[in-house]
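Next come two complexes, and both contain chain A; in the first it sits with chain B, in the second with chain C.
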Partner chain A sequence: MRFASVAFPLFLAALLGLWAILPRRARPWLLLLASAAFYLCAGLGGIVFLAGVILLSWGAGLLLRREQEKQKAQIEEEAPDRARKKEIRAVFTRRKKRILRCALGILLLDLFLVKYLDFVIRGGASLFGADPASFPGLGIIVPLGISYFTFSAIGYLIDVFRGTCGAEKNPARLALFLSFFPIISQGPICRYGDLSETLFEGENLKGENLSRGAMRIAWGYFKKIVLADRLAPAIAAIFADPSGAGGMATAAAILMYTFRLYFDFTGGIDITIGVGELFGIRLPENFNLPYFSGSLKEYWRRWHITMCSWFRDYLFYPVSTSGFMTKLSGKIRTRVGPKAAGRVVLYVSSFLVWAATGIWHGAGMNFLVWGLCNWAVLMISEELEPLYKRFHDRFGFRGKAWRVFMILRTFLLVAMLNLFDCFDGVGGTFGAAAALFAPWDPGKLALTGLEIKDILILLFGGALVFAVSLIRTKVPDLRGAIARRGTVACWAVIFGFTLAVLLLGAYGIGYDQSAFIYNRF
Partner chain B sequence: MKKTIIAVLLVLLSLVSLIALSRLVTPKYADGIIEGAMIAEYYKETTDHDVLLIGDCEVYENFIPADLWNNYGINSYIRGSAEQYIAQSYYILEDSLRTETPSVVVFNVQSLSFSEKRSEAYNRMTLEGMRWSPSKVGAILATMTEEESFASYVFPLLRYHERIFDLKPTDFTYYFSVPPVSYNGYYMRVDVRPAENVPEGKPLADYSFPEESWKWLDRMADLCREKGIDLILIKAPSLYPYWYGEWDAQVRDYAEEKGLTYINYLEIAGQIGIDYSTDTYDGGLHMNLYGAEKLTAHLGDLLTSEFHLKSRRGEEALEAVWAEKTARFENDKAAAVAAEQEKANGEATD
Partner chain C sequence: MEELLAMLSDLHPEVDFTAENDLIGDGILDSMDIVNLISGIADTFDVTITARDIIPENFRSADSIMALIRRLEEEG
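Let's look at the complex of A and B:
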């Protein structure tokens, strides 16, 4: 079941009705059933896989908990001195590490087998001179949201290991956390400790939650169905043959794709968070006006925030503080100096993080190259930081105009990096980039197939999104401000956007109703 | 309490607005492609019918209910629509029999030759005109194409939202009601385009009708038998799409097996006076008014002689209804013939 389908609002309405009549204790069960039903719509195989991940996480969590309890009991029983206490802790930490490694190994192996094995075999084939295209593939259907629930499960187990959250005894509660239907297809990637605060509460339906949630959902649909899906066929038409389309049309398509990605992904997350709000469930924000970033570093603090923080907490920190890194940094510190040691740790850890981020987005060389390009730009920026500072100090480039320039520069950089996302192979991306140097013929813009009405809708819709973003820089809780104006104001927003989606949306016959882009990651 | 009342009122206002918008963007078919309004027009009928004719354009352009009334006293209605699939014919019959039980149902067998779902546009014209009932649900589920969704029939706004950019004055003029576009389901054409060089049908690898088609015809036959209705199968005298001898033989065998009457008008076209140089308006596919008059005369004779339908002339209420209908039909016919004559004279002068 897709968010952008007629079935989803009906599903949601039925769920709200049942939620209202069920007692509080039964409501999490209702959510679990609804999540199972939602997931079943994506196929039976997927739910079996998901059930396996849930059981594994639950079992491993309990084993970790048992070791923690044993450790506590032994310390209490022995009442040891400091050295002995440390020794006991070390023993149990080793045991817990074994459990954690084993569970994470299985989870990552599952992910690898289902999502990446084809890619590896094809890559291997090409290394030995075979044509990768001739390999038919294993035909494994990738379960919906595999990356999201696997990462959530990994995060949960690491948090249990670290003691930042307790192990869940009730498998149904963990199942709901990992399969909660709004987040399963495109995130945000949630932490058990945060989500469990509201997920199992079964809070009564409240007018404020309903209006805030509905406003957010309507806004999300507006961005997805009116804007992103209207851009999709125009972009596809140009990217089908960038060299034939020429420089101007290709440049337009690259910019349109960057906008589409934003409308699509943020629209999807708006719907997700809005659905959570209807039920009083607080989901983490995933974006903070990313296209208002002045640098790539800032952009990655504002875009897909939960994924970035996941990689930071569960990959970057463990790698950069690992035994290997500590040894390496120690050696470099002795031979070259402390600055170089810090840099090497940063470069190597970041390299791994960005390679993993790239691969997480998809099993393809283009995603890997995309990740590494991001890494390279970020590291070069890091190196040039002192130079920038001197430059700014000397010429005094500051203020609004300079900020706007930086935002535009970052936007164009992100647009170019996103190009790796648009083609199956790296060759296609470079082909499109090369097409930018072909003659800029405005007549070729007609290849987009956009009519005047499409252009007007996109311009007005885009301007509205921009205006709302600007307002949000001054009024972060815009929906709260609207809600304070009363029921009629909330209704006007919800109904206005619903009407806009229904009348101006790019859906139905003649449109290929596209799934959310991030569904495939 | 006040808040709840406001919320309920706003929800109601939203629903009413959506319904009103949905009506606005839904095609009215009041001019141009008027075939889209014909299925819905049936529900304005106030009388029961002796004969229902069901099928595609080979029915609604070939028989004239006004003539059946005027010449035979038979009250008939054509529930026809463009490219009506046989499954749709079944459900339209089922839908009609919910409210009336005619003595005879006439079904044109051309649609036996195809069972695949071909056209969303024609589907819409047939299905949207039906009133909501289990028959309509069945018809939608049985015949909608892969690109269609059931929801878009329930909420037409989902299908026609893009028409908001292409609204015409008629969308407002006929917002509440569409004037009659047919004459008891008959679509009148008075122009003439002779049939010339009609090609023979290409040989087929397999002349069997799809199993699916037979299933629906069986269901129609069963439904008529249950209700005590005589089912007449006909093949209109359309020169194309080509009607193969092998197809004809299958229908003939079927009719014989089921004890039904089957008339292939292609075979008896000459006998009943069809002249393909004057009686068709599109080179042999559909009859014009003159061809339809001849077919109607034959059908009227058949209904009275073989099926013993009695004239209902003299029934006061029916007479009153038909007086109005006949007047409209005759007026429009005279105007159309005069316009066609004027056009022909103009062309001759040029």
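Let's look at the complex of A and C:
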């Protein structure tokens, strides 16, 4: 079942009806059943896999908890001095590390086998001179949302290991956390400690939550069905043959793809967060006006926030503070100096993070290259920071016009990097980039297949999204401001956007309720 | 404390670290700054900050970073 299918609003309505009549303590069970039903629609194999991940996480969490309790009991029993206490802690930390490594190893191996084995075999075949295209693949069906629930499970286990959240004794609660239907297909990637605050509450339906949630859902559908899905066939038409389409049409498709990605992903997350709000469940924000970023570094603080913070907390920091890195930086510090040591730690750790971020997005060389291009730009920017500063001090470029220039520059950079996402291989991306230098023929824009009506809807809709974004820079809680104007204002917004989706949605011949782009990650 | 303030000022000379109370929330320290800071702290104070210590509460202000260093010194 997809968010953009007719079945989803009906599913949601039935769920709200049952939620209202069930007692509070039964409601989390209802959510679990609904999540299982939602997931079953994606196939039986997937749910078996998901159940395995849930059981493994639950069992490993309990083992970690048992070691923590034993450590506490031994310290209380012995009442040791500081040295002995340190010794006891070290023994139990080693034990807990073994449990954690074992569980994470299984989770990552599962992810590798299901999602990446074909890619590795094809890569290996091409290394030995065979044609990778001749390998038919293992035919493994990738379970829906595998990257999201695997990463959530890894985060949960590391948090239990670190003691930042307690191990969950009830497997059903952990199952709900890992399978919660709004988040399973495209995130946001949640932390157990945060989500568990509201996920199991079974809060009564409230007018405020319903109107806020419905506003967010309607806005999300507007961005997805009216704007993103209208752009999708136009982009596909150009990217089918960029060299034939020429420079102007390819440039237009690159820009359209960047907007589509934004409408699609933020629209999907709006629907997700809105669904959570209907039930009084607070989900983390995943975006903070990313296309208003003045640099790539800032962009990655504002785009897919939960994924970035996951990589930061569970990969970047552990790698950069690991024993290996400490030794390496120690050697460099004594031989070259402290600044060089800091740089090496930063370069190596962030290289690993960006390679992993690329591969997380998909099993393909294009995603790896995309990740490493991001890394290269970020590191070059870091190195040039003193130069930028001297430039600004000398010429004083700091005003609003400069900020707008920086935003446009960052937007174009992101658009070019996103090109790696549009083609199966790196070759296709470079082919499209090369097509930018082909003759710019405005007549080729007709290849997009967009009619005047489509262009007007896209311009008006895009302007509306831009205006809302600008307002949100001054009024972050825009829905709160609308709610304060009264119930009529809230429901006018909901009704208006629902009507827009029904009347202006990109339906028609060939419409296939396009899956969200981030579903495939 | 002076050594820590000097390290922080090296990273962001424009910030008054004695007055700032939300270095993470205000976006002053990012992950790259924190890695550089940890490297400097290891050199100066001879303590190892591990990934589990890198939580916003420990890096909210110069005082909270100093409290973390003192705690790690005590734990040996």
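Everything that follows uses one rule, which is that the second predicted complex is superposed on the first by the 517 of 521 C-alpha atoms of A that agree within 3 Å, B and C clash if a C-alpha of one lies under 4 Å from a C-alpha of the other, contacts with A are read in each partner's own complex, and residues count from 1 in each chain.
The rule we apply is simple: a residue touches a chain if its C-beta (ideal position, glycine included) is under 8 Å from a C-beta of that chain, and two chains touch if they have at least 3 such contacts.
What you see is a predicted model, and the numbers here were worked out from it, not measured in a lab.
Engineer: Have a look at where A:491 lands relative to chain B and chain C in the superposition and call it first, second, both or neither.
Structural biologist: Touch partner of A:491: chain B, not chain C.
Engineer: Could you tell me if A:502 is touching chain B, chain C, both of them or neither one (first, second, both, neither)?
Structural biologist: first
Engineer: Have a look at where A:329 lands relative to chain B and chain C in the superposition and call it first, second, both or neither.
Structural biologist: second
Engineer: Which holds for A:65: it touches chain B only (first), chain C only (second), both, or neither?
Structural biologist: neither
Engineer: Classify the contacts of A:95 with the two partner chains as first (chain B alone), second (chain C alone), both, or neither.
Structural biologist: Neither partner.
Engineer: Of chain B and chain C, which one touches more of chain A's residues?
Structural biologist: Here the partner covering more residues of chain A is C.
Engineer: Name the contact category of A:338: first (chain B only), second (chain C only), both, or neither.
Structural biologist: A:338: touches chain C, not chain B.
Engineer: By the touch definition at the top of the document, which applies to A:6: first (chain B), second (chain C), both, or neither?
Structural biologist: In the superposition, A:6 touches chain B alone.
Engineer: Quick check on my understanding: which residues of chain A belong to both its chain B contact set and its chain C contact set?
Structural biologist: none
Engineer: Report the residues of chain B in contact with chain A in the complex, numbered from low to high.
Structural biologist: Contact set of chain B toward chain A: 3, 6-7, 10, 14, 17-18, 21, 120, 147-149, 151-152, 155, 157-159, 161-162, 164-165.
Engineer: Name, in rising order, each residue of chain C that touches chain A in their complex.
Structural biologist: By the definition above, chain C touches chain A via 27, 30-32, 34-36, 38-40, 42-43, 48-52, 54-55, 74-76.
Engineer: Write out the stretch or stretches of chain A touching chain C in their complex.
Structural biologist: Touching chain C: residues 82-83, 86, 161-164, 297, 301, 312-313, 316-318, 320-321, 326, 329, 333, 338, 341-342, 345-346, 349-350, 382 of chain A.
Engineer: Under the stated contact criterion, what part of chain A meets chain B in this complex?
Structural biologist: These residues of chain A touch chain B: 6-7, 207, 453, 487-488, 491, 495, 498-499, 502-505, 507-510.
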